[in-house]
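To keep things simple, chains are lettered A, B, C and D as they appear, and every chain counts its residues starting from 1.
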Amino acid sequence: MGLTPDLSVQIGSLRLANPLIAASGCFGYGLEYAGAIDLTTLGGFVTKGLFLKAREGHPPERIVETPSGMLNAIGLQGIGVHRFISERLPDLRRTGATTIVNICGTSIGEYAEVALALSQAEGVAAIEINISCPNIKEGGIQFGCSLGGTFDVVSAVRKATHLPIIPKLTPNVTDPASFAKASEEAGADAVSLVNTFLAMVLDVETRRPAISNGMGGLSGPAIRPIAVRMVYECAQSVKIPVIGMGGVASARDVLEFLIAGATAVQVGTANFVDPFIWTKLVTGLTDYLTRHNVARVTDLVGTVDFSKGGH
Amino acid sequence: MGLTPDLSVQIGSLRLANPLIAASGCFGYGLEYAGAIDLTTLGGFVTKGLFLKAREGHPPERIVETPSGMLNAIGLQGIGVHRFISERLPDLRRTGATTIVNICGTSIGEYAEVALALSQAEGVAAIEINISCPNIKEGGIQFGCSLGGTFDVVSAVRKATHLPIIPKLTPNVTDPASFAKASEEAGADAVSLVNTFLAMVLDVETRRPAISNGMGGLSGPAIRPIAVRMVYECAQSVKIPVIGMGGVASARDVLEFLIAGATAVQVGTANFVDPFIWTKLVTGLTDYLTRHNVARVTDLVGTVDFSKGGH
Amino acid sequence: MPVDIRARVIGNALLSPDYNVLSLAAPEIAASCQPGQFVMVKPGRGTDPLLRRPFSVFEVLRDGTGTPIGITILSKRIGVTTQLLHDAAEGDTIDCLGPLGQPFNLVDPPAEAWMVAGGVGLAPFATTLEALNARRTASVLFYGARSSADLFYLDWFSSRGARLALATEDGSVGDTGRITVPLERELRAAEGRAVTLYACGPEPMLEAVANLATRYGRRCEVSVERVMGCGMGGCYSCVVPLKDGTGGQHFVRSCISGPVFDGAEIVWD
Amino acid sequence: MPVDIRARVIGNALLSPDYNVLSLAAPEIAASCQPGQFVMVKPGRGTDPLLRRPFSVFEVLRDGTGTPIGITILSKRIGVTTQLLHDAAEGDTIDCLGPLGQPFNLVDPPAEAWMVAGGVGLAPFATTLEALNARRTASVLFYGARSSADLFYLDWFSSRGARLALATEDGSVGDTGRITVPLERELRAAEGRAVTLYACGPEPMLEAVANLATRYGRRCEVSVERVMGCGMGGCYSCVVPLKDGTGGQHFVRSCISGPVFDGAEIVWD
């Protein structure tokens, strides 16, 4: 098979050059990395979570390292959707990046309003609906932990925009797949998971939490095996594409999510460790597909073989 | 403060010399380690999970390593409660070990029957009720993921024995604290958590799960920050003692769980890495208490200071 | 009783791009280990990699007076820990727990001991040969690999009196093909002599050797390789299916009941 | 533009039980970095420790022809990564991302540059002094530590023309107490001369120096230390509260807007 394999994937009406997406909150507004790397190397990137208005976020310390992971409670510091549209989108368009905007709301109305503003702007490829940030009480987690709330937020955003919408699900529930189903029924084009695991690290000398917010979200390779399981469960229970993430740090990890059922894969924490990871992932993916004689990356999606053993 | 600090803790009617307990499934039936270490160095140990009858468990591979953790699906291989009582308990009594027996059941009746057999035997200090094994369909997880099921199993075991009973809770639910409350209402003397996180690792070359059961339970340092959060939440919502575990690998980690609200701490995976860890933990704990002028280890329990920041 | 030693690396010899022999200062383990036993090692601190890995004790190192001062490990690079062992430099320390497991049951003259090694399965046989020599038991080393470049320590074994029977898949030395080729030929020829087989290597080789042993009515001890989480009987990860006498099978922990088993008792799948 | 280099360790000099100077082969970074910039380093592979850590570029290493070939890092051992840097041996490789962040804005004659260093805060001032000398700007190094044993590279700085003003808490050398003691005395004496301050060290020292600068009407640039997850502006972990002009404050990412800030703009808590 001489030809190079086809890496492109489809998320609703959105076609991505490859399944590699920079995860929200781990890639700033994209422009921070435009100097170091070519943003078109990525299938796309997701912005830091945006509310209608600007937010200051939590005071330091905002992160602490854990075994093979990190805990964060940034508190969704951000410039608000309107400044994003006027101050960031124009430059982003020039980079040729595929920009997916992660939106937050303290009310269903705010989600809809932010979505509407973005669909009237130029250069937004899709909207990721953050109903899963564990770090602020009004960060949408109250919607993300209730099936009804999830359905209502997604329905409202669906009415507000024709852009592809991707509810981002929390892993802090018994059955993430039921939330994927609720999202599908409410008209989502895809779902993405996992957001971070609610967790806690204490400084035993001071007997205080290591980060100012007390609790935070756990990310990084430590959570990957749990994330892969949840992505598998969701892919089994919905027809819309599932975007998988959680601890991806190598092409092998990307492949693991794809084989488990993810159509695309996001990379967050690993981008902090290696901002040049993207070309390595593309190369590793291409090599694997060539070596295994797979023509299209989509041919891998959900091909996990449970025949011997299995749940 | 010249005197050495008091490490003893109380779990229901059971007094432990120190808060350090070897976790179920990570210490065999105790005797495996009697040659290498003095079992009375530990506050106690928990046996591998026992059903009424012997079980063969899952075929290999049964474990795979993950970033700072491991995935296991042993499948509760075991000799059954009656052979345990006749073939293991006598030798265990001679070692002076404090033996806590981890019990499983495929029905509420089996839990009660196993508990009854153990309370008629000599040398059982307490019973840990495993309603949280993610690795076998009939492993009690169907009870552990429903508040009603949890209440019913614990109530039935409560009727069957006067020994201290410790339901072991799963982390694979939205709100572990509600399961702690249900256990308390059903008459539990304490609760222990966390059992392992349901997770999955794929071999991308074969596109098969890395272990024969397909899915397995994630343990080790990777999960510690999530476990600490759950133990904190449970300790906040029940009056009975909480026994914390999940990724403990050093005295610092033991202290983190105690400060978060655990009265005692179990160590599982770390015992595989270092079977001689116990004296190191006792020393580290004693040094900390001395350095901080704390007379009793129980004075640390739940003393986390959320004043600045907090959830 | 196993001990845990933070052993200093006192040498690391690369035999090939993938094989190295690591020398560790571990007197207590060197003094007490028996042929076929293993150690659980953890190079590097931290939690990635997390678990120890099992390795046969290859050689026992002694000082001028013959006092045991350390052991060596013959390591083949296949992953993260063997990579760290490959890269280990003098002065590094490696946590080393052992000796662990059941050793080979060695025979006395006039019985002969035939050692059958595949690839890195050579590891347990250096200490085995020395123990056999101490009993004056005659020995043969059947040793197979992909190619002559993957056969190591041949002089070490022959200079200590083991007769060598080699096989390589590419025929670069000895018989062409698997080690079972010379083994079966010699089993046929050994009619009437008392011979016990000791085998270590890839599972298909162990199965083939065990089957040959049965066919020719020889006792055969095999040392199996399982992924091991603890090496002490604590985790039940390392089980091997043994015949239970009633036509069924039951899982036995290879770290404490093995790694050496009677080849005729194992249920090969 | 930052680059990521798997830099070979070409030297590791222990200055004290906790301080070491690590030499890294990183020509591209050496060629482009400016005084006050930093690198994000990751010694060792694997995911524990996971994140890189920020370190100031201490010296720029040049070959005989003056071509930049590498950098050094002055590291103080306080945890897991600094322990690995302490133990690093020649030939090891360390991932090194940089140069990153905003450098100091150096003044030209007749203005003087006063560098104020506390402990490991000395790190950014070696490259700073060389840049000042290139501009012929007169310089003073105010350098404080717990004791004389914790003061390093004094000859390096004085031989390159920096006047030294030292302070130790135990009085073993220079003024007794904090570095602000000699600093305030000299600020008082420097009436009418153009002086700009550059400070790096513990946050309380930076606050004290910034306050002195305001009191004596001097411009003061401080290099702050924050826990940094990425060093590239991606994670928002490293924020510093700056005055927003309207009496309020807003959080700014110190990795891309800093680590160098105007001391008068920071909201000290």
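Here are a few things to note about the model shown:
What we mean here is this: a contact is a pair of C-beta atoms (placed from the backbone, for glycine too) under 8 Å apart; a residue touches a chain by one contact, two chains touch by 3 or more.
Being a predicted model, the structure only gives us computed values, none of them experimental.
Taking the CA centroid of chain C as reference, the farthest chain centroid is that of D.
Taking each chain's centre as the average of its CA atoms, chain A and chain C sit 48 Å apart.
Separating the centre of chain B from that of chain C, both taken as means of CA atoms, is a distance of 36 Å. The geometric centre of chain C is 54 Å away from that of chain D, both derived from CA atoms.
Shared interface positions of chain A, i.e. residues touching 2 or more other chains, are given as 59, 67-69, 220-222. Across the assembly, chain D contributes 47-49 as residues in contact with two or more other chains. Because contacts link each chain to all the remaining chains, their graph is best described as complete. Those residues of chain A whose C-beta lies close enough to touch chain D in the complex are 25-28, 32-33, 35-36, 48, 56-57, 59-65, 67-70, 72, 74, 77, 220-222, 249, 269, 271-276. Listing the residues of chain C that touch chain A in their complex gives 47-48. Within the complex formed with chain A, the chain D residues making contact are 1-2, 4, 42, 47-52, 95, 97, 226-227, 229-230, 232-239, 241, 250-251, 256.
For chain A in complex with chain B, the residues that touch the partner chain are 58-59, 66-69, 71, 145, 172-174, 197-202, 204, 206-209, 211-215, 218, 220-226, 228-229, 232, 247, 252, 255-256, 259-260, 288, 303-306, 308-311. Put simply, chain B touches chain D in their complex at residues 67-68, 221.
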